[in-house]
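Across the two complexes that follow, subunit A remains constant while its partner is subunit B and subsequently subunit C.
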Partner chain A sequence: MTSQETLSWVISQFNDTSEVIQKHLNYGNKQATLLFIKTLIDQELYQKYIINPFFELPSQEQYHLYLTMLPQFQEVPSKEKALQFLLEGNVLVAIQEKLYSIDFKLSKNSDVNSTSVETTIHGSELALSDNLMTNINIIRSSYHQPSLTIEYYLKGEVNRPKVALVYDQKKVRKKALQMIKEKLDRIDKQVITEAYEFNNFLNDKRFSLFPQMILTERPDRVVYNLAGGKVVLLVDGSPQCMMAPAVFFDFLTTMEDDYHTLLISYYLKLLRYLGIFLCILLPGIYIGAASFSPEVFRTELMLTIAGSRMGVPFTSFVEVLFMLFFMELLLEASIRLPKAISATAATVGGLILGTAVTEAALASNIMVIIISAVAISTFVIPVNEMAFAIRIVRFLLILTTSIFGLAGLTLGLLCIIMYLVNLSSFGEPFLRLYNYRKGDKNSEGQA
Partner chain B sequence: MPTKQKGKTRFFVLIALSFLLFLSGCGEFKDIDKMVFVSMIGIDKSDNPKKPYKIILKLYVPTSSFRQNPTPQYSYLIKDGETLAETIAILEAHLDKELDFGHSKLIVLGEKMMEDEKNKEILDFLIRRPDIQMISYVAMGRPNAEEIVKFVPNGETSLQPTLFNYFGNTGAESSFIITTHLFDFRRTMNEYGIDPILPIVEINEPGSHFIIDKSIILAKDRIPYELDAEKTLFVKILADSAKSVFFTVEREGEHFVTRLDNIKPKYRVERDGNQVTIRIKIKLTGIITESRNTLDNRKLPEYNRMLEQEMKEKLNALIDEMKMKGYDPFGFGLRLQSHTLPKDRMTDQEWRTAFKNAKVEVVVKSNLKSTGSIQ
Partner chain C sequence: MSRFYYYLILINMIANIISAVPTILLRYSEDGSVSALILGVFLGTVIVVFFTKFFNAFPGITFPEMLVQTTKKWFYYPLLFLMAIMWFLAGVSTLITYTFLLIRFFTPDIPLTLMGLTLVLSVIFGCFMKTDRVLYTIEIVFLINFPIIVFIIFKAYTSKDLNWDFIKEAMLHVVEMPNVNAVAACIFLSLGVVNLVIFNRFFTHKQHFGLKQIIVIAFIASATIFTTYFVPIGFHGIKEIDELVYPWIATSDSMRMRFFLIERLIYVFLLLYLGMAFLSILIHWHVSVELFKFIFKLEKWKYKDLNIGYGILILLFAASSLFIILTLSEYQLFRYSVYFFNLTAVIFFLMPFLFLWIRRRMKGADKTKGEN
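Here is the complex of A and B:
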């Protein structure tokens, strides 16, 4: 197939041809045909690097040579490829029966975002951007190893975004990489817009509670995990990336842990682990102690609870569910609301509702304290995806406690631990307590 | 047929889960505001010979806020009955809520009850009832349990009965207060070679607060024997549970008070045929806190000697008294039994006679650090 035929085939693929522009350059002994989508390319670059040299350079050969020297230059192997290049913002150049593609993609989303999900006091405030190439650029420029490998895939039948698989060839865990590649091949989805979707796409189980991959927007976390042997998945247009394999304790680590002195970072970690236990167990303990075994706590505390529950029309677990429900609503609402209103929502929900509920004796004072403590300790979990899972776990424990008391709470917690032990993330045991290969150079994702 | 298999599994899980709904689980679901908590249990002897037990239950009245209601409020349930369990069952019918003994911290036995030798029966009930905590304190009430249980001393705040603070070193750390837990009371009751000892709780004359400085020994088949404050102190010293003791020395023209902060008693019981020797070695460390005469620091060895002699005399006197009467709150008999092979052990009767004729050797080593005055 000649280059002209290819071009006409490509044009025939488009129904609406007003966006696709074909230009024939013909001046003196020089000839070239250009094909591009007007809205996808950077017109300044096009003007500067294609049009101007065409008129300045004396011969066809020189112009041809000039084009091959451009860093954006690519050969076009097939007509399908030509169509793809065109859709990605390249300019197709047919010259001397040869077809070339020159990447002049115009992207307006390449600005680096500032961190909004994983904010820290210390460390960089910059996050990844929405543009895949910018993200690769960020990663490459802070991870200087020749073994850093980037593989591109096109996934999603309809919108076909570019997906990049980034890993360090020397450090990556081969088994996990193999599994991820296999699962990537099996993906059969129409539309893929966010990196986070791969958490479900690469998961064979339909009902899974805990995330198998860790989501991040922080380049420092990406670099840290690359060095730890994880595989990073980036999707064009998504400001977040996924990393796998992830173990439970990855989700309770912030990047700041490494920026503090040892004792401070231990203290913060302790605080975080206490927080996670508190937010899982506290509602259950309240139900178990208040309705099954009141002898567990100190007399004064028990009597205060008994006193504050006077006049409350619900039994303890309905009371807990009632308050938790409103807390969850408040959480959901404050995510959906515009930033300007969400502060008001928090005030109305948290302060006014809390006071009014106790005034109206719909819940006890102690209950309001417990719910606030639970809410605060949920926010301590540094990775948001884990916080969502924990919120569900809490309800399961409330269920077992309402039926079986404190024994049920213990049993429920054991069941959850057993479930976690049973899980694995791409061949890595999910509840791996310590990094047993730490001495090894190929040490795996300890982050 | 994998799908059929899956369907069967699902069906089985559903059935299993629905069976769970019929289980009551561990304990029943009872909201905390539908329970009433017992603070103290008093057991007295009633005047009615057919219904010998009089049970007094002190119940907490819950308050929603401590600040709104700082004065203590209690309600009482009193009932005579033939047996303890039956009486409490009847009392439960008098309430709209479930009676919970989980937070009762003290069991007061009336003085008359003690003389009646009903301790075994009472203990049996207290041990069997699951919600009565084994770590409850046991004490004797004088003149009876009812007055002690009903008495609310000045300055008591709600939810925190003052009486509990006397026991177990949470509040007071007095060396005159014996603390006996229910589990310990039962153990010493059943054990040979040791006699249970209970504190005596009294109310002072104008009726403003409790006095607990005496104790009572309950031997199995003998009448209870009361110890006054000083003897109680020595029992505590020998049991290594005294924290800080003020001890007066009055001899050779000197009269001073020592504060002994560190008391380390050790004792061995040795047996040679039927002759038992009790060797007690006790180390004292402290300072002199008060004196009639001016004391000289250089004479500290003298004072030490006086303290040793005084302590030795007092201890000897107490142990001799116990020996004569045949009471053994220290557990000398138990100590001997625990250190002898089963085939060599004495019977209870043999031990009693041996204890009566036992030789007692007390060695006191004191170490007074200073005369307490600045020179």
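Here is the complex of A and C:
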């Protein structure tokens, strides 16, 4: 197929040709045919690097040579590729029976965002951008290794976004990489818009609670995890990226842990782990102590709780569920609301969860304190995905406690630990105390 | 040795503080318990050494796989079946004890069936996990609980109510002939090492097991047994100690934390031992499940994607343990435990002879035989 035939085939694929522009350049002994989509390319670059040289260079051969030396230059192997290049914002150039593509993509979303989800006090405030190439530029410019490998895929039948798989060839977990590639091949979806969707696409289980991949918007976390052997998945148009395999402790790490002095960072970690235990156990402990075994805690404490529950018409677990339900509603509402109204939500919610509910004797004073403590300690979990999972786990524990008391709470906790240990993220055990970096040197194998 | 190896041994020792072992030991406190302790620790350590040395020589190979390679079918199927049943019963005895405990001291208003069923259901699915995952679970739960165990033991030894004169008085009985039942109960504490029959699959590298490790194990065993036996005597005196059904519960209830949120130590103790009992049942039943899987080739019993074999096993485990919970009384449990401990002690003492046989034949064994 000649280059002209390819071009006319490409044009025939478009119904509305007003966007696709074909130009025949013909001056002296020089000839070239150009094809591009007007709205996708950078017109200044087009003018500067294609049109001007055409008139300035003396011969066809020189112009040809000039084009092949542009950094955006690419050969076009087939007509399907030609169509794809055109749709990605390239200019197709037919010259001397040869067809080339030159990348002049115009992207207005390449600005780097500032961190909004994972904010820290220390460290960079800059996050990834919405543009894939900018993101790869950010990663490459802070990870200087020749072994850094980037592979591109096109996924999603309809909108075909570019997906990039980034990993360090030397450090990556081979098994995990293999699994991710296999699962990527199996993806059969129409539209893909966000990197976060891959958490479900690459997961074979239908019902899963805990995330198997970790989501981040921070370049420093990406670099840190690349060096740790993880695979990073970026999608064009998504300001966040996914990293796998992820283990439980990844979700409880902030980038700041490494920026503090040792003792401070231990203290903050301790705080975080206490927070996570508190936020899943506290409602259960309240139910167990108030309704099942009041003799467990010291008498003065139990008298205080019983005294504050005076006049409350509910059993303790209805009380807990009632208050937790409103807290969850408040949380959800404040995410979805436009910024202008969200202040109202906070005020109204504060009224419900505050003194009004105790004055109306719908919940005890201590219950309000417990709910606030639970809410605050949920926010201590640094990665948002884990916080969502923990919120659901809390309800499961409330359920077991409502049936079996404190023994049910303990058994429930043990079962959840067992469930977490049994999970795998791309071949890595999701929860174990130590993760071995040097596979061969440890004294245990895997069964 | 790998730390996971010590977990296996330690958990069996610690978890048995709530089982019938201290009751049996204290029952014979005036007819030869003390000398039985010494003999028991010694024999227990000998068994531990034999088992560890043997399994360490064949890293990564489970006991059934070895038997397939070296012995005949008529021999290994009954043997493994017997072991599977025994390890199931070992789990059940912990389960029953703990169900009774929870009903008596914690949630008296919950029916026995419901409590037993919950415990069974929460453990049973864990038994079907892969061996390495079982060990990771053990590690996490154990490390959460361990500081509290140390605290309780520290609290016990520093308590004003612990009367060392009672302990010294009890020690005087050392001159009596060791009681057989007490020796067997004592040996049972060290039998955590038998779990290696399946858990050896995890230890794929040959490990160092020398005098130092043996001394550590002997020390742990003697410390645990000393604590198990003498601390209740120190609190309650030797006169009426054999009347107590749960000596350690009574002991933990003798301690108070005057300034803490929880005042009576018994509740910390109960919840803590719920975790330890959970682990103990998990380990025992995992071994049992794996043996049953091997004997009946359960992974092949499939209907579409559903594995019926596992379902049947779960049902059998749940139903038979519930049946045992509902029929046994605490007194019967105690009597049968005595028989059970004696049986295990005898069987696992004969085991090293089998090991010698296997060891000799493994050298020229047909390695391919185990694979089909």
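Side notes on the structure shown:
In this section, the second predicted complex is superposed on the first by the 432 of 447 C-alpha atoms of A that agree within 3 Å, B and C clash if a C-alpha of one lies under 4 Å from a C-alpha of the other, contacts with A are read in each partner's own complex, and residues count from 1 in each chain.
In this section, a residue touches a chain if its C-beta (ideal position, glycine included) is under 8 Å from a C-beta of that chain, and two chains touch if they have at least 3 such contacts.
Because the structure is predicted, anything quoted here is derived from the model rather than measured.
In the superposition on chain A, A:316 makes contact with subunit B only, not with subunit C. With both structures placed on the common chain, the touch criterion links A:77 to neither subunit B nor subunit C. When the two complexes are overlaid on their common chain A, residue A:433 makes contact with subunit C while staying clear of subunit B.
Contacts of A:299 after superposition: both subunit B and subunit C are touched. Once chain A of one complex is fitted onto chain A of the other, the partner contacts of A:418 are limited to subunit C, with no touch recorded for subunit B.
In the superposed pair of complexes, A:408 makes contact with subunit B and with subunit C alike. In the superposed model, A:58 lies in contact with neither subunit B nor subunit C. Taken together, the two complexes place residues 292-293, 295, 299, 404-408 of subunit A in contact with subunit B and also with subunit C.
Note for the complex: subunit A touches subunit B at residues 289-295, 299-300, 302-310, 312, 315-316, 365, 402-408.
Interface of subunit C with subunit A (complex): residues 2, 4, 60, 102, 106-107, 110, 115, 118-119, 122, 125-126, 129-133, 136-137, 139-141, 143, 201-205, 207, 260-264, 267, 271, 274-275, 278. Listing the residues of subunit B that touch subunit A in their complex gives 20, 23, 25-33, 35, 37, 39, 60, 62-66, 100, 102-103, 105, 131, 133, 159-160.
Against subunit C, the residues of subunit A that register as touching in their complex are 292-293, 295-299, 301, 404-408, 410-412, 414-415, 417-418, 421-422, 429, 431-433, 442-447.
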